[in-house]
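Next up: the structures, one after another.
Next come two complexes built around chain A: one with chain B, the other with chain C.
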Partner chain A sequence: MTDAPDATCIWLYAVTRDPPDDEVRGVAGEPLRAIREAGLVAYAGDVPTSEFGEPAVRRNLESLDWLAGVARAHDAVVRAAVTRGATIPVRLVTLFTDDTSVRELLRDRASVFESALGRLDGRTEWGVKVYGAKPGQADEQAPESDETLSSPGTSYLLRRRAARTERERRVRAATEYVDRLRARLAAHSVAERLHGLGGAVAREGGGTLLLNGAYLVENKRFAEFNDAVNADSGARDLRVQLTGPWPPYSFAYVPGLSDV
Partner chain B sequence: MSVSGGLPDYASGSSGAPANLGDILERVLDKGLVIAGDIRVNLLDIELLTVKLRLVVASLETAREVGIDWWERDPWLKGREDEHDRDRGRELEAENRRLRRRIAALEADDRRELESGAKDDLDEFDEFDEDEEPERQEKRR
Partner chain C sequence: MSDSPYEARSAPRPGSPGSRPDSRDAVLPVGAAGRYPERPERRLALVDLLDRVLAGGVVLRGDLSLCIADVELVRVSLSAVVASVSALTDLADAPDTEVPPT
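Up next is the complex of A and B:
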């Protein structure tokens, strides 16, 4: 596949019903094309095989700089598609050799794509994250022990114990908070999908990530969803963050298609 | 944080927090519809990449703010423009090797000393403090 120096392959961005905007550019700066079949439109771009084909793409994926640029460009195209109507985002690095195979895909799976698009119509993905207390914060705020009656050693141990009890209380309070939040969000969304918490490493703003959820929300019910995000101010050391709107990446699963 | 006309504002992303790179990568790499294209890029490779990203990218920006920079030494995250750092890494390695050689030499000297004249001094130690000098005892035997 590395035959001609100017050889191209097809990078797939999204499946929708409406053709792309002329001004949108793809991951290689290329203009987008609509590959149409069975009432569906695949957003596609002709990208140089020397950079995006196998094995070049595998090597390039190892570079965070390259990956970041391509990810943002891919996301921008999918976002542009979403502004025009229901869109199924396609995962990064979905490559075809020619239009024919893309058309075949659309034709063979037309009914599945249609039902997926129907499910996404008028709905938007939102991200909700909850961050725990910043490291060290819990210890600083531990209650003071009674220092008058104890030796330095005893008072140290008492402080340690108080800090531990306080930490346990915080963990319990945080868990309950997240449970209440998820229940509220469930009532105002169509679907939930939980993303990885990345272990203890996924920290942002210094706090541990406690919830990383994606929610598919009816556009006309967003105000209620937004209220549900902010309704509970019960946990002062937790931080709730709403991200989005997102193209429905987390809800693009189409049964029976992923295992083609 | 309001949405006008029922349709969220994708262009500016003004409704929620601005999308950071970690969030974008998590979605475009790990979510989105998986279609087996003509050109197969091993999905496992991409999934491994995603795992690594989860561990790293989500915390990248903030971690840098608080001065944590371990990924600066991770070749995968370093990208291309790191000739300088690689040189520095080689310097450190070389220095490390020099120091190891020096320590080995010193230890060898020490052993030679023990085997010759210093033997008598050590016998005194042994009389009242065997536990605290197990290393010396071993070397002596």
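Up next is the complex of A and C:
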């Protein structure tokens, strides 16, 4: 790596079979290039090392604004590729020094890339999330006990017991709802991948995140999948959210490539 | 595309205008852009996007990214996401695109 102010490195976006659209721009606003080898096309952009190379990129990743902008720009390029044909998205921050090493990669793993593209052809990723009740909601809605027949102390204990029973009922109902939903989605998709429920993501939206799934769906069967998302009225206090269409980020795992 | 499956359904095709609220803005050159005005639904969509671009996508060992191990990339970026949690929870009651099961 050189320290020259105008030095660039290669940012990789996607592996596909079709060359990029001239109008699409990359994470640095740069025009995209096609690096071709073995019938495959890598979407690549020349980005300034001063911002995207080491060590700058490591520092920049600490900034949510920078990360958000780069993620959206990367995503826009991948989406542009998806509209032209089957596409393997490449993980954010995949950098190369020169075209030769990208070509070597495409050539050495051509058959693996091809089979992955075949698996993704005509299919789209959709996200399905289920949120539980917001914290405290269950308690507030606990059934009233009969105040006239009990002392204040007994009444309090009865209310607490009723609230606990109600909470347990809700947890059981929610678990069963998610199980039924996943079974329906499995019947109308070719693969499922569960994203994390913990940490920051779980608190988004104020309710507990009960399901955060990604589904690879045949485009021709999307209507049935969509029906399956909304088919169950069994749990009124849960919210279901369908997100997408997504490029197949969650299904881009290619056996044998992770060690390249 | 020889196979044009997107016509078979009513949902917007990936990458088309209006397919997602933030897809249009995403082509902005971000190197110098710095800050975007974030609508609540965009903040929420960002979490979904980061889930995917940081933990999904094919992992290729670029000759430059050898020193940015996957785990470290996720860890580093997670700290940025966690920093925005308070902003996200403040938006808990903001209108969003969720649909209750009917």
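Simple rule for what comes next: the second predicted complex is superposed on the first by the 256 of 260 C-alpha atoms of A that agree within 3 Å, B and C clash if a C-alpha of one lies under 4 Å from a C-alpha of the other, contacts with A are read in each partner's own complex, and residues count from 1 in each chain.
As a working rule, a contact is a pair of C-beta atoms (placed from the backbone, for glycine too) under 8 Å apart; a residue touches a chain by one contact, two chains touch by 3 or more.
Worth saying up front: this structure is predicted, and the values here are computed from it rather than measured.
With the two structures aligned on chain A, chain B clashes with chain C. In the superposed model, A:28 makes contact with chain C only, not with chain B. Looking at the shared chain after the overlay, A:131 reaches chain C, while chain B stays out of its contact range. Of the two partner chains placed by superposition, only chain C is touched by A:236; chain B is not. Of the two partner chains placed by the overlay, chain B and chain C both lie in contact with A:62.
Within the superposed three-chain model, A:209 lies in touch with chain B and out of touch with chain C [touch as defined at top]. Looking at the superposition, the partner that touches the larger set of chain A residues, chain B or chain C, turns out to be C. Judged by the touch definition given at the top, the superposed model places A:85 against chain C, while chain B stays out of reach. The contact surfaces that chain B and chain C form on chain A in the two complexes overlap at residues 1, 9, 12, 15, 53-54, 57-58, 61-65, 67-68, 71-72, 74-75, 79-80, 82-83, 88-97, 101, 105, 124, 127, 195-196, 199, 201, 203-206, 214, 219-220, 222-223, 226, 241-247, 249-250, 252-254, 257-258, 260.
Of all the residues in chain A, the ones that touch chain C in their complex are 1, 9-10, 12, 15, 24-25, 27-29, 47-48, 51, 53-54, 57-58, 61-76, 79-80, 82-85, 88-97, 101, 105, 116, 121-122, 124, 127, 131, 134, 195-196, 199-201, 203-206, 212, 214, 218-220, 222-223, 226, 230, 232-236, 238-247, 249-254, 257-260.
Listing the residues of chain A that touch chain B in their complex gives 1, 9, 12, 15, 53-54, 57-58, 61-65, 67-68, 71-72, 74-75, 78-80, 82-83, 88-98, 101, 105, 124, 126-127, 195-196, 198-199, 201-206, 209, 214, 219-220, 222-223, 226, 241-247, 249-250, 252-254, 257-258, 260.
If you check the complex, the residues on chain B that touch chain A are 1-3, 6-11, 13, 15-17, 19, 21-42, 45-46, 49, 54-59, 61-63, 66, 76-77, 79-80. Contacts from chain C toward chain A in the complex involve residues 1, 3, 5-6, 8-16, 19, 22-23, 25-31, 33-36, 44-65, 67-68, 70, 73, 76-85, 88-89, 92-93, 96-102.
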